[in-house]
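My questions will all concern the structure given below.
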Amino acid sequence: MISFGVLGAGRIGKVHGNTLANSGRAKVAYVADADGKAADSLAKAVGAKVASVEEVIKAKDTDAILIATPTDTHADLIEAAAQAGKMILCEKPVSLSVERIEKCLAVVEKAKVPLMIGFHRRYDPNFSVLEKRLRKGEAGDVEIVTITCRDPAPPPVSYIERSGGLYRDMMIHDFDMSRFLLGGEEIEIVHALGGNMVDPAIGKAGDIDTAAVHMQTKRGAMVIITNSRRATYGHDQRIEVHGSKAMLRAGNIHLTTVECANGDGFTSDLIPFSFIERYAEAYRLEVLAFLDAIEKGVAPTASGHDGLQAQKLAEAATESWKTGKPVKVK
Amino acid sequence: MISFGVLGAGRIGKVHGNTLANSGRAKVAYVADADGKAADSLAKAVGAKVASVEEVIKAKDTDAILIATPTDTHADLIEAAAQAGKMILCEKPVSLSVERIEKCLAVVEKAKVPLMIGFHRRYDPNFSVLEKRLRKGEAGDVEIVTITCRDPAPPPVSYIERSGGLYRDMMIHDFDMSRFLLGGEEIEIVHALGGNMVDPAIGKAGDIDTAAVHMQTKRGAMVIITNSRRATYGHDQRIEVHGSKAMLRAGNIHLTTVECANGDGFTSDLIPFSFIERYAEAYRLEVLAFLDAIEKGVAPTASGHDGLQAQKLAEAATESWKTGKPVKVK
Amino acid sequence: MISFGVLGAGRIGKVHGNTLANSGRAKVAYVADADGKAADSLAKAVGAKVASVEEVIKAKDTDAILIATPTDTHADLIEAAAQAGKMILCEKPVSLSVERIEKCLAVVEKAKVPLMIGFHRRYDPNFSVLEKRLRKGEAGDVEIVTITCRDPAPPPVSYIERSGGLYRDMMIHDFDMSRFLLGGEEIEIVHALGGNMVDPAIGKAGDIDTAAVHMQTKRGAMVIITNSRRATYGHDQRIEVHGSKAMLRAGNIHLTTVECANGDGFTSDLIPFSFIERYAEAYRLEVLAFLDAIEKGVAPTASGHDGLQAQKLAEAATESWKTGKPVKVK
Amino acid sequence: MISFGVLGAGRIGKVHGNTLANSGRAKVAYVADADGKAADSLAKAVGAKVASVEEVIKAKDTDAILIATPTDTHADLIEAAAQAGKMILCEKPVSLSVERIEKCLAVVEKAKVPLMIGFHRRYDPNFSVLEKRLRKGEAGDVEIVTITCRDPAPPPVSYIERSGGLYRDMMIHDFDMSRFLLGGEEIEIVHALGGNMVDPAIGKAGDIDTAAVHMQTKRGAMVIITNSRRATYGHDQRIEVHGSKAMLRAGNIHLTTVECANGDGFTSDLIPFSFIERYAEAYRLEVLAFLDAIEKGVAPTASGHDGLQAQKLAEAATESWKTGKPVKVK
């Protein structure tokens, strides 16, 4: 039984806390949240005590810290938890700043504690099976990776303003997915397009709501990512890998398999509109993967380095969009 | 160049006449039709002369007769053409009466001329590929054959009245398809359900518009057929064969591959409403298959015997529906 | 918090016990099973005590009894639980004998306790949505219902021998599904075909492994069911309803959305081979539906009457198969 | 009856010549080809005379010239035909040089003859329906256009060497499709990636075999194109348009609708490997669209201007690939 302290009792904190409590392999000893009600509610649900962030990190009866607080607190909390010798599962991203991530990872390195970054899409049962089949060579050499990610509707402008921009906030998942699908081959060059087509208020806030990025590795393999903050049919999430031997792709999951045929055509069901619903199983498997790694004593993935590399790609895309020029990834 | 006389210049006569004329392997020498205008029009289109039925059958410069006249003339015309020593391609059915077919086939047998019955669905590129894969053993032993056939809308009651009833008029194609997919294994027992759910006038005319038949071979293999005279989404035509090694199925062909995703779901295109459109390629390939058989000197299929057996199944189904009892096929 | 006694700690008992324990709306107070180890294991998992069947039924601190014991004990246990004034959720079927069911339901009636029969497929998220859309009239009048159910592989012959035969053991689910989809319209006539094509040992045991049944209501609506004890591609579960306004269908759920395109074609993933896996969500929702009914004070479905009617159809099909004749449902 | 002279009796010349001859609305009076046998063969098939290119262009009994000769002759032949007052249908492209196209179009302008460029994909029944639905506003404002085009295998290096490179030879179709789908909105900026991943010999010849281009209009709409000279599963041709109201897409056409389910999964059929087979109907409809335009006296599309604009995009992409920088379209 691995004992956890959970920092953050918001949407994701709740999902992860419950997964831990129901896993039969871990327990939640403490919950901390600036919002006392949220902390109480989650603590009650998972049979934990409420404590302050500092108390949770330093508690002698916890082995691991799950960080599900706002983004701008992640790096500080990772450092504190690492210095307290705790194993860490932190929601993405470590920080919006590449420099800050590098500093944070140095602290973790020194503390020699395992750190996993919560890129939950790696654990989606469809995407993870596709990746495993890729690694077995089913598609041969990877030539073109295409990732489509469209949200049903934009978040509030107040959120956009603190988000670091679309490339860092939304496309960050696709940058990590690119690296995951490429299996260790790193991106060399990034070129980004951005547009403000969904909501003028987003443009006024200095951000975009529609974006296309293409990237290339030294070998020549290409990654194409498109993002939109609007999709009338749900949370569109697709990946496709074209290789020398085959094409592998994973499509959307429809709400049901029900189809209706009438004079309008053949209509199949919508796809989920909520990412929490779309990725419920991925969030669950992410936490179990962390437990697996700890139990087996292996390094969890996505690693802190993966978090850093994804952020570098987001930086490069942001710079490319602002300058109009392709950007080399450092 | 095989020279044809075409009897009947209606819808199917036109389709087949044009296929012959464009085949580069045959020519249409004569066209006959009670409707002089129709005969003229087709003759002009294919570069043929108009003549009477008797003249066409006896013409010394024709090798083959294509019969596309009303059903009740088929048996007489086949006999006349056979006695004149012509090769014959006749639209289904030979006759609505099993006895009449048997008598007719005896005449053809005696005349030793090739006779092919136009069960066009055997030549549909999807169904014929499925059958070839079945014969190669891809599905193993055939266990359950399911045939779905739904027309978009019922024909006029005046047509229904002369049609011989749904089992003989509409399901006859599915009876032949059953035998085609079973590859020579004959049906032993037939049980039929019938209902009048689409148009009360059809019921008043003594017929049904919705029907289900299931049948079994001695070995135990089952065939399930459902028919409806109504389908709001087009001419629904599907076959499925469940076997010991695999399931093979052939679905509908959509008008286009265009799909629209919006708040209503994911809508793919309709399927054809006209059987002439749905089976355009099948009609063409049927005629070419007849030319192939003639050129190679092999017996064409579907044979007269196939026409007879399908009619026996239609008889059995009709009797089963009327008596409510299962009927053994003679 | 509704307090349950769970009778039977086998495969389904475990699934349901865990659903109750995790529901937040019920608790499992007792578990009984002839196999002491199984009882201990489940009791531990859900925080319950182990007791004898009699003790569980009579325990004052239970409100409801969940019966997941072998089929031949169901009727006796339902009666005992009813006489003890408990609410009852019993796995299908009440009994393999129509007479026994009728006697049992009379006892329940007298005791005035709610009884729900576990026809889990009604709660499958796909099938239940389809049924709701049917009831709203989306397909118009129901004309043809087609239900396809194929198991990946036959059960052991020892199971077959005690099963009551395919129609009572396997097709019973499809009989209930038929009535569910017909929305209260009862079947009048049943005709069954049966074959022994999968395993000769099943035939020797007096049973069949491949079956087709078609049935008709007074209005004329038809239901077509096919079953096979073999399917190389998984647990095939499909329903299709053809109506005057539309066709509604619900297809199989694939293991993942991953598709591979190469020289063999475009291959999508398998479907589950285990019915426990295929219907995991249905089993969960079945138990929650029972809790809903209890909490709202309404009669749960499927009711005891539904259980009786499905059994009557299974009887009719069995008789039809044995006599070769269509059978009227009483 | 419009009388045509056909220049070029190769693969496309034959396809178009036969379409004209079978149209019932046009005839082929002359055929010219440097290869006398090819000219004879086509002339015989369509009932035409063989003549020299000069004779065909100047023949008094022709109204229109169909140009299906090698690319480097197109501009000269268009000019000659225009100066002879003929209507012109010329296979794409007018020339590999933007300057040459501009000069050629000036000649056509002066001669006031209709000129249509054979971008056949505009006439594909799937793509043209999608475009019509776009123009009706079904998808709302166009935001992201994604075009996927993969050839089964690369052409010979000897062909590559004279092709002008992948962007001009292969992606030119996708540039035209982009403009077609954007409905008149012009591309402002182009960035291209290129890789040599299929055949090293193509790299040695100075070309690429894998490419990704993304482009943007002034409004912000994005177009993403990917090309590969290799696809193990056939000639992959897909378009997708994401708009403010809906996503519209058109997928691949499979050889048949046959699907096989077994222990490997559910496998649907391959797609065509030959572009001639894939686009047979598009080629036919292209020629009929030219006849329509002529008969109605309207300007045919794609116009010479469309040919020029597509070439400008191919130039921009080639320059972008060579310099690594985004290129503004003039």
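Going by the order they are written in, the chains are A, B, C and D; count residues from 1 in each one.
We adopt the following convention: a residue touches a chain if its C-beta (ideal position, glycine included) is under 8 Å from a C-beta of that chain, and two chains touch if they have at least 3 such contacts.
By chain, UniProt protein names: A, B, C, D = Inositol 2-dehydrogenase.
Keep in mind that this is a model prediction, so the values were computed, not measured.
Undergrad: Quick check: more C-beta contact pairs in B-C or A-C?
TA: Looking at contacts between chains, B-C has the larger number.
Undergrad: Quick one: compare the interface residues of chain A with those of chain D and tell me same or different, with half as the dividing line.
TA: Over half of the interface numbering overlaps between copies: same.
Undergrad: Relative to chain B, which chain has the most distant C-alpha mean position?
TA: A
Undergrad: Would you mind pulling out the distance in Å between where the CA atoms of chain A average out and where those of chain B do?
TA: 58
Undergrad: Between chain A and chain C, what is the gap in Å from one C-alpha centre to the other?
TA: About 40 Å separates the centre of chain A from that of chain C.
Undergrad: On chain A, where are the residues touching two or more other chains?
TA: 232-233, 245-247, 261-262, 269
Undergrad: Show me the residue ranges of chain D that touch chain A in the complex, using the header's touch definition.
TA: Within the complex, chain D contacts chain A at residues 141, 143-144, 146, 148, 150, 189, 191, 193, 195-198, 210, 212, 214, 216, 219-222, 224, 226, 228, 230-233, 236, 242, 244-247, 324-326.
Undergrad: Where on chain C does chain A make contact in their complex?
TA: Residue list for chain C touching chain A: 22, 125-126, 129-130, 133, 138-139, 245-253, 256-262, 269.
Undergrad: How about chain C: which of its residues touch chain D in the complex?
TA: Going through chain C, the ones touching chain D are 232-233, 254, 261-270.
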